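Take a look at this one; I'll ask things after.
Chains: A, B, C, D and E, in written order; residue numbering restarts at 1 for each.
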């Protein structure tokens, strides 16, 4: 049996690996369509043949739940992530806390972030900077991009000295030899917990539930963790 | 078949207002550059929607603005030879020639081989128009129109780009078309020789209006038409019958004015034909000249004498049942004391009558309509 | 399947070719018709038609994708009708990817063909008319052959655009490997993950290679046709 | 500023106009030059040039955005050079948005103009030559006036494309309200937020209205020019 | 200034191989449709790169394939009147006319007002070419070439689309150009009348080769050239001097053959001019005819008699220092027992010499080169 998974784009590396393993083990297969959570949710609203939805943001999952397009019983937050500050080149680590002098560090430079209103990393980032009391100072220097990878690219190319991205993106970015260093992590209490809710859709095939369960196994957790995600206990 | 045309149309700075009927046979539109000839032909073809007017071929109304009838060009089925050839650049010469065939009704019509032969374009058939010379293009355009089995032929200076020899080859074909089919031909030309030879009816245009209209023979032999046609072009047209072919290559023609000897005319005995005699080629003599190379000396009588304002004069002579025009100087007219009623001789060189001035006779229709 | 491509990538290449080919082939007749109407007729609502044709160019591709989803999706008015009447489904099928690509490429195709039509000397069409050809015949036998270089240009523009189209496609039919994941979607997905750049670049090169081949072919064809039309 | 628009939206509208206008105006000379060279010359590497011109059409816009970033970014080879030599900076400026839009629109513009040039009868250019006009003069006095409808078409295609361009722009210069946030970026952001559809639709309508106006203007201009060229 | 042309070029199915020199004055290219006239002119203009050849105006080499010299068309500065007018559709008539001015060197040249007046296109100046008639277009094209101050004029059937009257107006201007400037003119025409009147040098082409070449007077009065030119077109060209204007509008011309009376020639007393006398307009008489309208009767002597294969014959007469051709029938020649040495009279109607056959004399260059 083949199931269709709609998943946030940032999950690709880990999910592809897990799906391959699942497929080898069970003979079922999962085809995965990656996209931005908003687009995927709208497609499900329009009758997309998705069996499983892995979102990077809770708000879109909430919308689908209201519309009764997912099975609420199956909904679970399967992953978490950390928000980190990255800098161009080799940079010394910094302590991120209240009154952090990010604005001064930026100088004339820009802070690369996901779209503040729509990309989850952008939303969390804004929340964190606000709670640290430095949003006002930093806001004029924010350069928003369509996704976290693009923010990372701005930092990697040196266009922007700093960026706020997920730990999962930054870690692997380092591995890929990007010219980026993680210089610090935002305190976990500076923003709402970053969670990736998952749920099978209202029209899901039974195998979707099985795959969702696989995502909670330790083997899967190891894969996710290797990619920099945090795994809820 | 008769084409009846009545048109009014205004361009900025130019107004066309014409009315004429073109009987079967060939109707020539003659007039200065810019006098509106192409405009008339375009309206007949349906390429120009005139402000007002009516165009009909017998009972078939092609256009009637008042009744809001306007057949589209393709339903008119008129073979149009354009002043600029307008060949289809993407088709070979052969495909250009056969283009009209696709749309023509079945039935007899000109054969490709004949038309190709007559126009001397056999070697070009596989070529495309881009590399053709000006004259070659025009010949292909003529062939294309002929082969579309048209109800009417419209020809806008079709021969202007051709040399004399080629013209001489094509003219007889146009004559045959004129005589053997009942297809009316509307023909624009600047050459009076062409017009005199081909035209049944002559429409002289000037600044958008019809200045003179009538059977070509009459308009051409009318001394009053000399200014309109240009003095060099005036002349008369005699009807003749071929009565003998002499051994030395001369042809004997019987006319009511007397016997004419012309260089070989390649028609059968008994053929009716028309012979144009340019007014300037006629010499008038009081007594029959002797020892002179001109072979044709016709007794005649002065009918009228038109003295122009310049040094020229036009004398109209009657010889038998024909009128002959002669152009001479006023000084000669006075020296010879020419006056109506005076018996004289019209002297005419055989060779002055060019082959292109001798045409097959206009049969049937013309005789019915204009005699 | 070459071994330097994963099966998903290979399928993406195939799918992109399929989608681009059909998108450009099937939109060609509509493109020619729209271009002809826009070039040669004046009618009420002409500017509206013109605007609609240009719309996919003006709108961000994602918006076009959403509009397609709303209209041609299973729950959309047209989509539901087509499914019930003809069993024709676009949403989340490769047919939908082709539709999206066709729609996105349409303005480019129409413009190219329209320019070609406007350059045809109406005197030649008139001449064909006097030889007995009705308007449709004139179009087929004179106009169409003469605008062939423009048609080829329009086709290749549409094909290239279809090869690169991404925003509208991924929004309309998502990016399901083997079903709707075209080369651009695959490239996008790789770009979204850390370390995917190299893979993305490989696919970019494949995409460029295909489009260049198509381009070369079209130039060669265009030349041949133009030489014929130059008429020598 | 109308009160049914927020100040960010108003700025996005203004910025989009600015960006689209300059993108199409400044790429026009290059577009004409590229089209002329492609239409009238044969040289080694012509197909390469042709391919490069088409590249932005073939590539997913995001890829083009990355390539722009790598080339024209402050650390990119061209970007660094331009900054040092002329103080010209693209990164995070509206100029960068204009560059991205111009690059994305370039193939469309070149194709339109090239088609127009190919339709000009070389015999007229020859005639101008015999009258003493050198090649550049022939171009300026004969070719250029005759291709004006194609130039207008190319311009409006570029303008419309620039109004809708999003992927390459946001990747290259991000989306900074008032500096680089064009209409499409704003629209995209709204679409990604639950319940943002209505706001997005409002901006879409504004975008359509502007493009339609430009389209109408171009059609009107094109007609006038074409009538002049028909020569009556 | 002399234009030296030597060309070889092959098209599929057609090979051009010509060599000739065009001295100052007007060199006419004459030949059948498709004989290669336009090809030659295009090569001179630089629009066609021939396979091999050399083209030079005096010392200025326009083309030398062997030495890899090929001036681009705009550096050649040749005013080209195309067989198809090729007006710029986006410019008004006035702008078309002045187009060459932008690029021409400063200095004297034809004035716009004069050219406009001569061509009768004053009313068209603000129009665009699209709505012009065929003849109007061609007139504008002539004006455009004239106004570009060319080093050489190339004219490809410039008058074919014009009516006689318009031609008659333009011919004197071409004559003036020919005589008053040293601009060589290369001129394609199908009309022998035009060629005879205008040409200093005549190049007769046939199937891509030069068949005859020489001073126009000689080629035209050479009985052997009759087949090449067409019998209708043969004739002789006499040099004359205007010696009197009579009160009745006739002009007296002195030639070495005797006095000629022609309808008014509008030139000053003493003017040198040339008069073409068509062979077919000459009557030969054994005794001086009396009481006849022809005013010009010149005593002459038979020089040679060419009997063709047909019914025609061409007689070459010497009258004074001039050779006169007469075309008559073989029968007349025999009846009159014409033979070399026989004294005869050449009879010529005044009016048979059309205005278009009387041209200003070719001064300087022609006399130097061809006498």
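As a convention for this text, a residue touches a chain if its C-beta (ideal position, glycine included) is under 8 Å from a C-beta of that chain, and two chains touch if they have at least 3 such contacts.
Composition by chain, UniProt nomenclature: B, E = Molybdenum ABC transporter ATP-binding protein; C, D = Molybdenum transport system permease.
For clarity, every value in this text was computed on a predicted model and none was experimentally measured.
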- Task: Note the shortest touch-path length, in steps, from subunit A to subunit B.
- Result: 2
- Task: Compute the shortest path length in steps from subunit A to subunit D over the network of touching chains.
- Result: 1
- Query: From subunit E, which chain is the farthest off, judged by mean CA positions?
  - Reply: A
- Hey, how far is the Cα centre of subunit C from the one of subunit E, in Å? 60
- Cα centre of subunit B to Cα centre of subunit C, whole Å, reads 57
- Distance from the CA centroid of subunit A to that of subunit C, rounded to the nearest Å? 35
- Query: In subunit E, which residues are in touch with two or more of the other chains?
  - Reply: 84, 131
- What residues in subunit A touch two or more of the other chains? 39, 42
- Residues of subunit C engaged with two or more neighbouring chains: 62, 66, 188, 191
- Note on the structure: A full list of chain pairs that touch reads A-C, A-D, B-C, B-E, C-D, D-E
- subunit C partner contacts - residues on subunit B that touch it in the complex: 45-47, 72-80, 82, 84, 86-91, 99-100, 102-104, 128-131, 144-145, 148, 154
- Would you mind writing out the residues of subunit A in touch with subunit C in their complex? 4, 6, 9-10, 12-13, 31-35, 39-40, 42-43, 46-49, 147, 149, 152, 168-173, 175-176, 178, 227
- Which of the residues in subunit C end up touching subunit D in this complex? 47, 50-51, 54-55, 57-63, 66, 107-108, 111-112, 114-116, 118-119, 149-150, 153, 157, 160-161, 163-164, 166-167, 184, 187-188, 191, 200, 204, 207-208, 211-212, 215-216, 219, 226
- Query: So in the complex, which bits of subunit D are touching subunit A?
  - Reply: 62, 65-66, 69-70, 73-76, 91-92, 167, 170-171, 173-176, 180-181, 188-194, 196
- Query: What residues of subunit C sit close enough to touch subunit B in their complex?
  - Reply: 123-124, 126-135, 137-138, 141-142, 145-146, 228-232
